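To keep things simple, chains are lettered A, B, C and D as they appear, and every chain counts its residues starting from 1.
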Amino acid sequence: MTGIAVITILAVIIGAILGYASSWFPADNDSLVEKIDRLLPQTQCAQCGYPGCRPYAEALANGDAEIDQCPPGGSEGIAALAALLDRKVIPLNPQYGVEKPLSVAVIREAECIGCTLCIKACPVDAIIGAPKLMHTVIYDHCTGCELCLPPCPVDCIDLVSDV
Amino acid sequence: MTGLSLILLGTVLVNNFVLINFLGLCPLMGTSRQLSTALGMGLATTFVLTLASIASYAINSWVLEPLGLEYLRLICFILIIAGLVQFTELYIRKSSPLLHSVLGIFLPLITTNCAVLGVALLSIRENSSLIEAAFYGFGAAIGFTLVLLLFSAMRERLETADVPQPFRGTAIAMISAGLMSLAFMGFSGMV
Amino acid sequence: MNTPTERSVSDVMLLVLLALLPGFCVFLYLTGWGGVINCMIAIVTALIAEAVAVRLRHGSVRITLTDYSAVVTAILLALCLPPLLPWWIVSLATLFAILLAKQVYGGLGQNLFNPAMAGYALVLISYPLDLSTWLTLPEGFSMSLSDALSIVFSGGLSQSEQYDALTGATALSRLYDLNLQSVDLAQLAPEISGTFGARYSEWLNLAFLIGGLALVFLKVITWHLPVALIAGVATCDLLIGGPYPDLTFHLFGGATMLCAFFIITDPVSAPAGNRARLIFGFFTGLLIYLIRSFGSYPDSAAFAVLLMNCCVPMLDRLDNHINSRPTR
Amino acid sequence: MNILHLRDNRQRGLHWSKPRARPIETLPVPDTLYIPISHWQQTTAELLVTTGSTLYKGQPLTRSYNHNVIITHASSSGEVIDISDNRIAIKTDGRDEVSDELTKTTDSLSRQEITDIAHRNGLTGQGGAGFPLARKIASLPQQPQLLLVNAAECDPDIHCDDALIQAYAPLVVESVLTIAEACEIDRVVIGIENDKTRSIEQLQQAMARQTARQNIELVTIPSQYPSGAENILLQLCTSEQPGPHESLASAGILSMNIATCYAMGQAVFNGMPPISRITTVVTPDGRHRNFKLLTGTPVNHILDYVAYERPIASIEQEVPLHVTQGGRMMSEALDTQAVITQQSNCITISNTKGVQSSVPCIRCGACSDICPVRLMPQHLHKAATHFDAQQLDNLNVDRCIECRCCDVVCPSAIPLTAQFIQAKEHKHRQNNEQIAADLAKQRYDKRQRRLQKERSGKRRTSLKEKAAPATPQSRKDLIAQALKRSAKKKPNDAADNGSSH
């Protein structure tokens, strides 16, 4: 009988300590997300299945995404993530895309009708132009995320691997 | 004083917990891929081990033995160690979330880690006072951390070695651990 | 296009073999045909093992064998093993050294542990009896080749009943045999505390010292490692002063000089920075002294080297960390 | 701390005896010259000539306002026959007529003028790196403290500077002083290796005549490779040394090769751009001969002229000649169409390729003992083979001066320096990608905030509209209002085009 008493007293004491501990040490998770986000190529291309690089970083932080879902990051990106998160280096998952050389979108200005759909689609504001006027892509700002290709009605944007 | 230093020397080098008594091998293999994680794991284990050794000795000699409840020893120790590990996990989650996510399953695993429970049980049999139990636990933890750090530095160097395909990864780590324990055999009989 | 190098790896290894020659001759004089047979078995097994391993990995056997690193490992191993051992113990040690301690890590330049010492330690632990039976001085040399061969290929010295006067490897293991832990040196038989020349291992260490100094002079190895080791042994002897206090005994007994100049200076398993080498050498000397005085194995060089080889990757990292401070 | 760590290289396989520099010889003018058109990232030089236009010696062929783009000149009179793959081919007519537009300047120069002269004449460093001189002078701080003239020439095969000093010492000293005066540098140091005795005498005599104007000192340094490297020469001559990551120019020290000073002197005193340069040619039988070669001379022309002394055996077996530029240590292989440029200080012709198969590194430490800037090449080799940018930074790979001492002493014959050069480029490229990624992240966050503001902004206006129904404004009213506004602003314009809408 005394055994059960001892065990329950012990359990209560430990439970109390842990209760206080969880309030003293609130979990903060974003410094890890920040570290992961810094390693991602920031193309915001959503090829990894998440709406941007930051959501993918959050998914990686709480473990429900794998490190092989980022084609723009390529093998170097995967190696960096594996080093940070101490996981085995695995090849890029072809389901999310294939590693391609760095490429830049170029608008064939003659055919552009100025519909501003690509401006709205570009996540990093790399395309400038006014409605009904010619649009063009700023060479240095474009991250090659290919999000502007589908919305273009006249399909006048093509992808050029870095010259 | 020499008694305590002998205990320390004994647990750290001579019958090192990992390489001579072969306790705590899974965290050795699991967290030693990187030096930073190995350091984190070593510190966490040191904290848990030292306190566990003290607490288990205290509980045993002041509560269980007077009440004649030696048969409850195992349950109490597991309870104490689990509490300590949960405490450490909360602290690590707050202080460095990277270490928390990298250690992942190995952090709660300290509870069921044979080295920790081994120390708790052995420290009762071998020590006669609380101070000795503390040094015993601390020595065991230092021995564990020392081997873990050396081993992870070794594995990092092996990452860049041109190891034949079938031996890559854990296989070469196992061989290196074997050679390390071969080396630690040199200490046998010293204390 | 890189300019042709002055001294290739095979030249380095040849120089090491050359420097080993004086010690090697003294060793053969003392152990007679047993030593020669050991060396032959070790070298042959080493070369075959290396050739097979490299062939399996589709490397070029010719290049690997002509860098003589396997021969150096074999000879260092043979120098530690007592003569008239059963042949399979010698080849087992060499196989372990070449395959498990070197080739499995990726061949030349990537092994963590000194192959010769790993092989010797393995055999020392698994066959303590065989490893500690040495033939006393006079009979060793006078034995004919045929007798030696018959002993070697029929189970080794410990099993043969002809010879009863078996002694330890060096002065140290003699003490171990007589298990005199703490004893006054004067009582011992003359060859332990006798004049410099008469001691069994004095000449051996002196020859290795000469060979080692030649290596340092030829710039094959730097002075940091040997000096640090000798300093380590000396400071320990002065500070702690275990059961055998006599300094020259420690420096010239056992395999100290062989270890200082040839074993820890194996560039692959030693640290890379000079500062780290000093620490490595000092602590190896310290460990040699501690294991020899308090440990249970007669000669501790193998274990001390292996123990410090475990710390080399960590020493390298610390050395790099200090070098990488921006103020440099 | 003494970054210099020049071990006595006689110990470690870097010991060789340097023969005395031989007098300068000349070659006949080749029948075709190929002058390169220089470009820098996306900007290329603007062509001033087209195929068929006749040229005179020293006439500029290209023009550019960007200091990084080098302007090239015709090195002999002739006619342009073809402009293709970045090269202008000139068929020489052998008259070697000098163009008359060359502008001499005699009065004293300001820093701006000397930078223009350097840019107009397309002057680049002749020590081997080829850094545009105009940009180097422009990057000097307001009060530069030292002009360091590098006459060390520590490579065993290169003797062109030695021959240059022996031939034109007075002109060299004169141009050094002019540069110092123009850039307002009061202290001039010429560093030369102590085994070039005749050049030292010539320089001392020439300097004796000039002492009136400035304090110029000739410092003789021990002849050890790589004493000619910029920061090591500075350390040897003046025992100061710049911070670990600072370039010499930004620390107020203008360091120039003595041949560059001579070329600058030519450009200032008689307006002649650097259309020729002195090059040491090392023949297969090991003799070093110095030639004054026109820039743009194809290397084959030198081979035909010099090579006839080749040993008969190698001609019969058709052993291919292996030609490299840059001396024995910093040598790069040249292909068959290579031409002489301002940077070709030494052309080595040899029969054998001389490449050894490398064996894995045995961590023997010979390389870290010999490295003049105290790096650990064995760790760098490991970090570069399995590329690890953080480890390379920790090991200060950027401080490697690519002197190739480690290649020479490495028993495993590993091409270490080539690997370090590649690792540096890879690390540099990765840094740029990281910067681009950070910028893209900032733009993305700014866009998200803007969209967020617009979404919340729109909801507010729609509330206002519900409150007060807007008056329906037809298109015509809008145009009328716009016309009234523009009429108020510009009374006269509104009058003439008011009716045109």
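Miscellaneous remarks
Here is the rule we go by: a contact is a pair of C-beta atoms (placed from the backbone, for glycine too) under 8 Å apart; a residue touches a chain by one contact, two chains touch by 3 or more.
Here the structure is a predicted model, which means the values were calculated and not measured.
Chains that count as touching both chain C and chain D, per the definition above, are B. Ranking B-D and A-B by contacting C-beta pairs places A-B first.
Note: centroid distance chain B to chain D, computed from Cα atoms, is 58 Å. If you average the Cα atoms of chain A and of chain B, the two centres end up 38 Å apart.
Computed from the mean C-alpha positions, the centre of chain B lies at a distance of 33 Å from the centre of chain C.
Taking the mean of the C-alpha atoms as each chain's centre, chain A and chain D sit 40 Å apart. Contact of a single residue of chain D with at least two other chains is seen at positions 360.
Counting partners per residue, chain A has no residue that reaches two or more other chains.
Each of the following residues of chain C touches two or more other chains: 106-107, 110, 316.
Taken together, the chains touch in the following pairs: A-B, A-D, B-C, B-D, C-D.
Those residues of chain C whose C-beta lies close enough to touch chain D in the complex are 1-9, 11-12, 63, 67, 69, 106-110, 219, 222, 267-268, 270, 272-274, 316, 320-321, 323-324, 326-328.
Chain A contributes residues 2-3, 6-7, 10-11, 14, 17-18, 21-22, 25-29, 31-32, 35, 61-63, 83-86, 88 to its touches with chain B in the complex.
Interface residues of chain D facing chain A in the complex, by the touch rule stated above, are 430, 433, 436-441, 443-444, 446-447. Taken in their complex, chain B has these residues touching chain D: 159-160, 162. The touching residues of chain B, counted against chain A in their complex, run 31, 33-34, 37, 59, 63-64, 67, 69, 71-72, 75-76, 79-80, 82-83, 86-87, 90-91, 93-98, 100-102, 104, 169.
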